[in-house]
Structures are given as C-alpha cells and as structure tokens.
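Look for chain A in each of the two complexes below; its partner is chain B in the first and chain C in the second.
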Partner chain A sequence: MIFVVMHLTVRGLLGRRRAVLFVLLPLLLLLMAGLVRWASGGDPQSTVKLTNEFSVGTLLPLMCLLIGTGVIGTEIDDGSIVYLLAKPVPRRTILWSKLIVAWGATLVFAVLPIIAAVEIAGDEGTRLGWAYGVTATLAALAYTAVFVALSVVTRNVVIIGLLYALLWETVLGGYVPGVRNVSIRQWALAAAENMLGDRAPVWGVTSDVSLTAALVLLAATTIGAIVLAVRRLQTLPLTTRD
Partner chain B sequence: MSSVEPVPGTAASAASAAPAASAVPAASAGPAQPAAPTGDVIHDIGFRHYDGQRFGRGWVVRSLLVETVRGVFGLGRPAKSKVMPWVLIAILLIPPLVIAVVILLTGGNELGISYTQYPGSMELVISLFVAGAAPYCVSRDLRHGVMPLYLSRPMRRSDYVLAKFGGLAISMFAVLALAETLLLVGALLMKLPVGAQLVGWAGGILTVAILALILSGIALVIAAFTLRRGVGVAAIITGLLVVSGVVQILIAIAKDKGYPTVASYLPALNPYGLVDGIAVRLLGVEPSNSTAYPAGPLGLLVFGSLAVATVGACLAILIRRYQKVGGV
Partner chain C sequence: MSTLVLDHVSRWYGNVVAANDVTMTIGPGVTGLLGPNGAGKSTLIAMMGGFLAPSAGTVTLDGTPVWRHPGIYRTIGLVPETEAMYDMVTGWQFVVANARLQHLPDAEGAALAALETVDMTDAKDRDISTYSKGMKQRVKMAIALVHDPSVLLLDEPFNGMDPRQRLHLMDLLRRLGEQGRTVLFSSHILEEVEEIAGTIEVLVAGRHAASGDFRRIRRLMTERPHKYTISSSDDRRLAAAIIADGSADTVDLTSGSLAVQAPDLGVFVHALPRLARDSGIRLLDVSPADESLESVFAYLVAR
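Showing the complex of A and B:
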C-alpha cells in the first residue's frame, strides 16, 4: 500500500506546473556555478561564498519548501486528501510515504545539483563537494521534515517556513548571535566544518555549533517534526478557507 | 373536466376542437400573465423590478478597489486570514520602532537606517507580504470561476485589472509609508533638523510608491497564472528571492572580471535594486548595501524607463490575460 501512496505522491508532485520550478532552479544554480568558475578560475573561496549564500542559504530551503508543500500541502488545500485519509491505511503510513518521496525529490533536485555546482565552481579535489554534500543532505532531511509537518499544521506554510528559513536564520542571526544556535543551516554546516578540518577557517566554512550538538539537534528536530506531523494528520480538521 | 387546471396542451386541443368561445375562458382561468417583456429582458418570471438609481461602472470599480484593499489586510475575512498580513506588518514596523526607542533611551544623533534604504533592508518581508496578498486578489476569482459574474456588470475587463492592481499597490504603499512615517517620528524625537528630515521622508515615500507599483505588477502577473492555492505564494516568493540572489552573484562576478559598468546596471534586474537606483540618482541619497549605480542622468533615464516599462508590461500582460478569462 505504501508504494501506491508513494506512486500517487510522485505523480502529484511532478505532474503539475510547479515541477517546472524543480528543473529551472537547479539549472539556474549550475549556470551560476559556471559563471563563478569563469570569474574566479576555480578558487575554492568563491565556491564557498556561492554555496553558503545562495545554494545552502536560499535555494535549498526554497526547494525543500516547494517539495515539502507539494507532497501534502496542495492535497490538504484542495481537500482531495479526504479520499486518501478515508482509505484503510494508517495515517503513519501515509505520512511516511509522502515524506520518503519528498526526501527523494530534494535529494535529486536540490542536493545533487548543489554538489554538482560545487564541482563546477571549483573544488580542491573533491573535499568541498563531499563536505557540502553531507551538509546539504542533513539540511534537506531536516528542512523537508519540518516543512511537511508545517503543511499539515498550517495553511500559511510558505510564509511561515520562509520567515524561519530566511528571516530567522539569515537576518536575525546576523544581529543576535544566539539565534544562530537555533538554525538548521548552522547545524548542518557543522558537519562541513568538521569534514574540512584545518581548511575550514581558511575557506570560511564555519558553524557556531559543535558537531555532536548539531547532529543531536538535527535528529531531534527531524524526529519531532515527523511525530508532530503524524499526530496532526490523525486529527486533521478539514475546513476550507479562502 | 372544467375543475381541472387547464394545461397548454389541452387548452390548445380544446381550442382546435371547439369554437373560440370555449378557449377564451380556459386561458383567463390560469395565473395572471406577466407584463409584456421589454426588449432587454431575456426571461421575465414576474419578480418586482429594481427601479432605484444604478451607480454604474465607476462605482463597481470603486467597490472592487475597496474590497481588495480591505481583503489584503484581512478585513471582512475570517480571523485566520488576518493573522499573516498583520504578523508581516508587525515585522515591517519593528525596525522603525526599535530605532525610535533606542534613540529615546540613548539619545543618538543619527537614524540607524535612511528612508530610502529601509525597503532594501526589509526586502524579504516585503516580498512575503506581496506574495501573500497577490494570490488573494486575483487567484480566487479565477479558480472559482466567478469572473463571468463580475463581467456581467457594467465593468470592462481592464477595469477589473486596474482595480485589483490599484488595490494591491495602495495596500502595499500604505504599509510601507506607515513604516517610513515611523522613521520620521523617530528622527523628530531626537531633534534632528526638521527640514532635512521632511525632505528625506518625502524621498522615502516616493521610493516606496514606485516599489509598491512595480512589486504589485509583478506579483499579480504571477498570481493570475497560478490558480491553485498555495502555488501562487510559492511562485511569487521564489521568483523574487531567486532573482535577488542571482543578481547579487552576477554583480560580484562582473566586478571580479573588471566590468564595473555592467555591474552598475545589473541591479536594475532586481525590483529593489531598480527602485534604490532611481532613488540614488533622483534624490542623491546613499545607496543601500553600498551598491554602485550608473552615474549621471543616463543612469536615471535607464532605471526610470525600466521601472515604467516593467509596470506597463505587467499591466499589459494582465489585461491580455483577462481578455480570455471566462468560466472555470
């Protein structure tokens, strides 16, 4: 049954016009990476700047948001989730199958393009590629779980999700240092900092959180989001609002 | 036989069988015939007519405009719809308030942020506000197929577009102008020279007016093509954010490769950079994020004409879009 739900979710996710964005945004990132390489001649520092600010800072949360809302938010919005919930399938299974599809989609449309962009823009061997690959994967897992949970909880998921991912993590983090400790992006960056070792401070890949704390917090956030999403899906109020 | 209500068929058959005298009473026994239909009525079922004054096209447009402005702020909508706009407005008003309070407590002698730099620094929140408002304005009418009902009134298709565009632009301008005014209040509280501050404030008001027009146009175009709920918000915010990020990277690349002229024209691709460039060249204020803009009247001409062209193109696309709009 889980495969049927997953199949339906994939069709709902990729069969719509928003799928155009899933292709356009990674292509745009690769184009930017090519331009950065042309400008910097493969300097890892420019790669880090592009990846930190654009790929991981803006594009990854955006893609996770688009995909996370795409797998379940649109169905709740137009009310067609009723037909799925009415089937004798545990809500747990429904949520897991949607989440697995979302994770797969973010891996293909966000994480892989980010690694490719790092390699195109200039890398030292494959060190940066591996480090950012792990960071992007961790961040994608947590962001997607949080955004799927948010789409079950609220209709304003796009605005709330972006307020968190961009305003909280980027803007507020710049003024209030403590805010940066409560940020999926910083937790995920801790992995890259650790993997790069002594080169991390040189290239400017720094995180404010230690690796152990970061991994624990990432796991706690992801699991917490999934538990919340399952519980809310079990008692989903089906109302329409415009 | 005579007690039975005559139906048209039997009346006709009776009329054909019997002389005309028996057919006439049968017809008069039925319900009173409605008044003879006039030329502009398709099917008159006898209801009382409206004889009052009709306000006409201008009033329809005005009502639509007022409804749009109210709806953007969640007035006349359920409580859940009021949360998001007001949270965003609160976030937009926090920086001016904080600046004013800090000034009151510490007695500083300059604003932390200039009037024209304010929109650029709140770029994300302003984008979120317009992304949340634009689909409310146009997507629902298209999605639920009520456009024919609007168009059956004495209102043209372009009137609908202009009313929605005007409503959204006015709402955005009101929010941003309020923030600018709070900045002015802060400046006056710390007893900065009133004349200079008023001039700066007027420049800020002009800036946010242009910004409101450009952003409303772009957001409405995207919203008019994305009918599904939630998709419009995501599409608008994705577009604005990605354009802003890409333009920043392109500027850095152009500077690296030694094309400062290209780098100075590139901000025009981002609505916020475009408006900031106009403000810098027109009012002679400091740019936000220390962006370099093309020098002299040529820069102003290019940026200004681009702004006019953007708004014009958005309106043209919208009017064209609504030429074909009908039922679902």
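Showing the complex of A and C:
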C-alpha cells in the first residue's frame, strides 16, 4: 500500500515544473563551491563560511520547503489528494509514504550536493564532509517533517516557510542571540561542532546549543511535526465552499 | 444494498450556514440532489463522503458514521467535482493505483473492467494531462467504480460534458441504479435530474426544500404563476385582449412594456399568439421575466 502512494508521490514530485529547481539549485551550490576553492585555494575556513551561510543556512531549508510542500501541499491545494483520502487506507500510512519520499528527495537533492560542495570547496581529509553530512541530514529530517506538517495545516505554507527559513533562521538568528536557541539549523550544527572537536572553534563551526539538548530538540520537533500532520490529515476538510 | 442517512445535519462556517438541519435518507436507485449554485450541495456531499465534519447531526452509512471512518470507502465510490488529477501518470496507471489502494486482489483486471464500463480503453495509455474535460470525467468515474461500490456519490458530474457524453453518463447512472446501487448526484439543472433520478432532493440556501418523486416536484414547479414581459405593436390593446380572454390574472403597463402574470403556463402560451393574431397585433418580444432556477426554488421554499 505504502509503495503505491510513494510511487504516485515520486511521479508527482518529479513530474511538475518545479522539479527543475531540484537540479538547478544544487548545481548553483557546486558552482559556488568551485569559485570558493579557486579564490581560497581549498582553505577549510572558507568552506565553513560557504556551508554555514549558504548550504545549510539558505539552500537546505529552501530545498526542504520545495520538496516538503511538493509531496503533499500541491495536492491539497488543487484537491487531487481526495483520490488518496477516499480509500480504506489509514491516513498515517499516506502521510508516512509522503514523508519517506520527501526525506529521500532531500537526501539526494540537498544533503549529497552539500557534502559534494564541501569536498570541492576544500576539506581536511573528509572531516568537514562527514561533519556537515551529519548536520545536513539531521536538519533535513526536521525541516522536511516541519514543512510537510505545515502543508497539511495551512495553505500559506510557502510564505510561512520562507519567513521562517530566511527571516527567523538567517536574519534574526544573526542579530538576536536568543533566537539561535530555537533554530533547527543551530541544533543541527551542534552535531558538526561535536564531531570536529578541537578544530571546530578554529574553523568557526559553533553552535549555541549543547549536543544533547540539540538532539532532543531535533527529535521532539520532528516527531511533533509528524504527529500533528497525521492528526490534521485525519480531519482534513475537503470541500469547495459553494 | 446500502443506505445513507442524514439526521438533522447542519454545517456552518463562522456565521455562514451552508447546510441547515437537513434530514434525508438515500436508498438504492438514483437520487438527484437539486439546487441552485450556492445552495450547499457540495457541502452536503462532502459530509456524505466523510470529508467534512457536520457541525451538528450525524451522517451514517448502514449505521456507521462516515466521519473519520476510512473503512467506508470500501463501500463508497466518489466522483469529486475538482478537476485536478495526477496529471503526470497515464489513465491506466492511475486507475490501477486506485484499485491497489482499494486492496483489490486483481487490481489490473478491475481497472480494465472499470475503464471498459466508461468506454476509455482506447485512450488509457495517454498521460492524464492530455485528456479533455470529458475524458477526465470518465476516468474519475472509472476510479469511483473500480472497487464495485454499492454507494456512488457524484458532485456535479455533468459539468463541462458535451451532449453525447452527457447521454452516455446518464445511461450509465441509470444502469447502476437499476443494479440496486445507491447513486446520488448533484446538479443545478432540473432537466438532467428529471431525466434519470427516481427521487429528487431539493436543496435551497442550505435547507432541504422538497423531497420525493420528480413528477410531484415538477408539477409544483410548473403550476406556479408565470411572469412574462411582452412588447408588441400595440401593448394597450393586447393587454385588453389578454385580460378579456382570462388566460392571465394580472396585466401591468406601468413599466413601459407589458408585464403579464399567468396562473397556468400551458393555457397562456397557447392563448397569446391566437389573441395577437385575432386582434391584428404584431408580437415583437415575449420573454419569461422570472424563469431563473433561483426564483423557481424560492417559490418552492415559500410554499
């Protein structure tokens, strides 16, 4: 059952025009990584700057937003979700199918390109690659779950998602220290900071949150989002108000 | 054989009441849900299909509440009004996927049978994005029928169909009804409903205005007073002739043209040309002043 929904979801996600962005945005990242390498000669500090600010800071939440809304938000918007919901299939099965596809897509189109970009821009062995691979994976799991949940809860998911990803995480997080404690990006960065050990402060990989707290908060956010999404899907009103 | 029962069902959105204390029982055979646009037909069908919680009252299918019971979709087939489908797959792939989601043992066999029923086997391997509106409507029918449901709910199924497709679908619905299935479809066009529905439920402004056999409702609708606006070569003389003849109760010349109210449609439309000819008056324009469906329904509600 889960595979039928997953198959339809994959076709829906990759069949729409926005799928072009799934290739273009990672390509842009790889191009920037090449430029950084050319300019800095493979200095890890420059790699960290690119990865913190662009890869994990902007590209990752953006890709998760595109994919998270693409697996379910568009169907709810145009009403075609009715074909999945009018079936003797538990709604949580439908949600999980869509979430698994979204996670897989963010892994392929966001996490792997981020790791590749780290290696192109300059790494010490593969230390940064591993650290940012774990950070990006954790962030992708949480971001995607949150954006899928938001897609079920509100029709304004793109606006809310953009405000959160760009304004809250990037701008406010830069000026208001407290905001950084409530940020998926900061929680995920705690993993990279921990993995890099004594090189973390040298390269500028820092998080405001301790590793334990970060992992607990990430897990709680992800699980909370999934529970909310399943609940809302169970009572999703489907009607044209005539 | 299945029966849908609505028991004092209401639904409101904030201050707007979309369905107001509706009680009806929908049994085997074809039932038409008739009402003007905005009467709450879609809201009512959404509640029957388990896609909207009633604000008050209950909707049950053979005793089981439909809200939050996805198990009912084994029994219910749904043809939604929304046109969006999974455009990037073929009709065949989509109907098979729907059959699998219904847990059918032979999904491909069922899909083929359903596509044959709606006469869509030729175009089944084309992407849904290339289908015309009528073809999409037929694929929607195939999806609704693929698991052989005993209840079929259709929201405005004739919208956007050409006359040939319309006849085809009417024929199909009639056959499904004769097989003992419970078929309910909504429409704002009386002729469509009257053509195939044994029972009619009329909904006006969220209220259940009339219910029963179509002949009875048809009579209610045609026996109401009819209003006409007429212009002729000599309105004043024509007015005198009409009132002398007795085929109309009221004539009114104050608005510049001749307004007439006739108690019986059949008598008046036969009398008018005769009166004009006998008096040597040329009729320039005869138009029903108040034949909109809304006014017909408003009249029904007032009764």
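By our rule, the second predicted complex is superposed on the first by the 238 of 242 C-alpha atoms of A that agree within 3 Å, B and C clash if a C-alpha of one lies under 4 Å from a C-alpha of the other, contacts with A are read in each partner's own complex, and residues count from 1 in each chain.
Here is the rule we use: a residue touches a chain if its C-beta (ideal position, glycine included) is under 8 Å from a C-beta of that chain, and two chains touch if they have at least 3 such contacts.
None of these values were measured; they are calculated from a predicted model.
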For A:Gly15, decide between first (touching chain B), second (touching chain C), both and neither.
-> second
Quick one: classify A:Leu162 as touching chain B (first), chain C (second), both or neither.
-> first
Greater chain A contact set [chain C / chain B] = B
Looking at the overlay, what does A:Asp78 touch: chain B (first), chain C (second), both, or neither?
-> both
Chain A residues where the chain B and chain C footprints coincide 16, 78, 241-242
State the interface residues of chain C toward chain A in the complex, per the touch definition above.
-> 13, 18, 37-43, 46, 49, 51-53, 68, 70-74, 76, 78, 80-82, 84-89, 94, 97-98, 100-103, 143
Chain A touches which residues of chain B in the complex?
-> 77-78, 80-81, 83-84, 88, 91, 124-125, 128, 131-132, 136, 140, 226, 228-231, 233-235, 237-238, 241-242, 245-246, 248-250, 252-253, 256-257
In the complex, chain A touches chain B at residues 16-18, 21, 25, 28, 32, 35-36, 38-40, 46, 49-50, 53-54, 58-59, 62, 65-66, 69, 73-74, 77-78, 155-159, 162-163, 166-167, 171, 241-242
Chain A contacts chain C in the complex at 1, 4-5, 7-8, 11-12, 15-16, 78-80, 82-91, 234-242
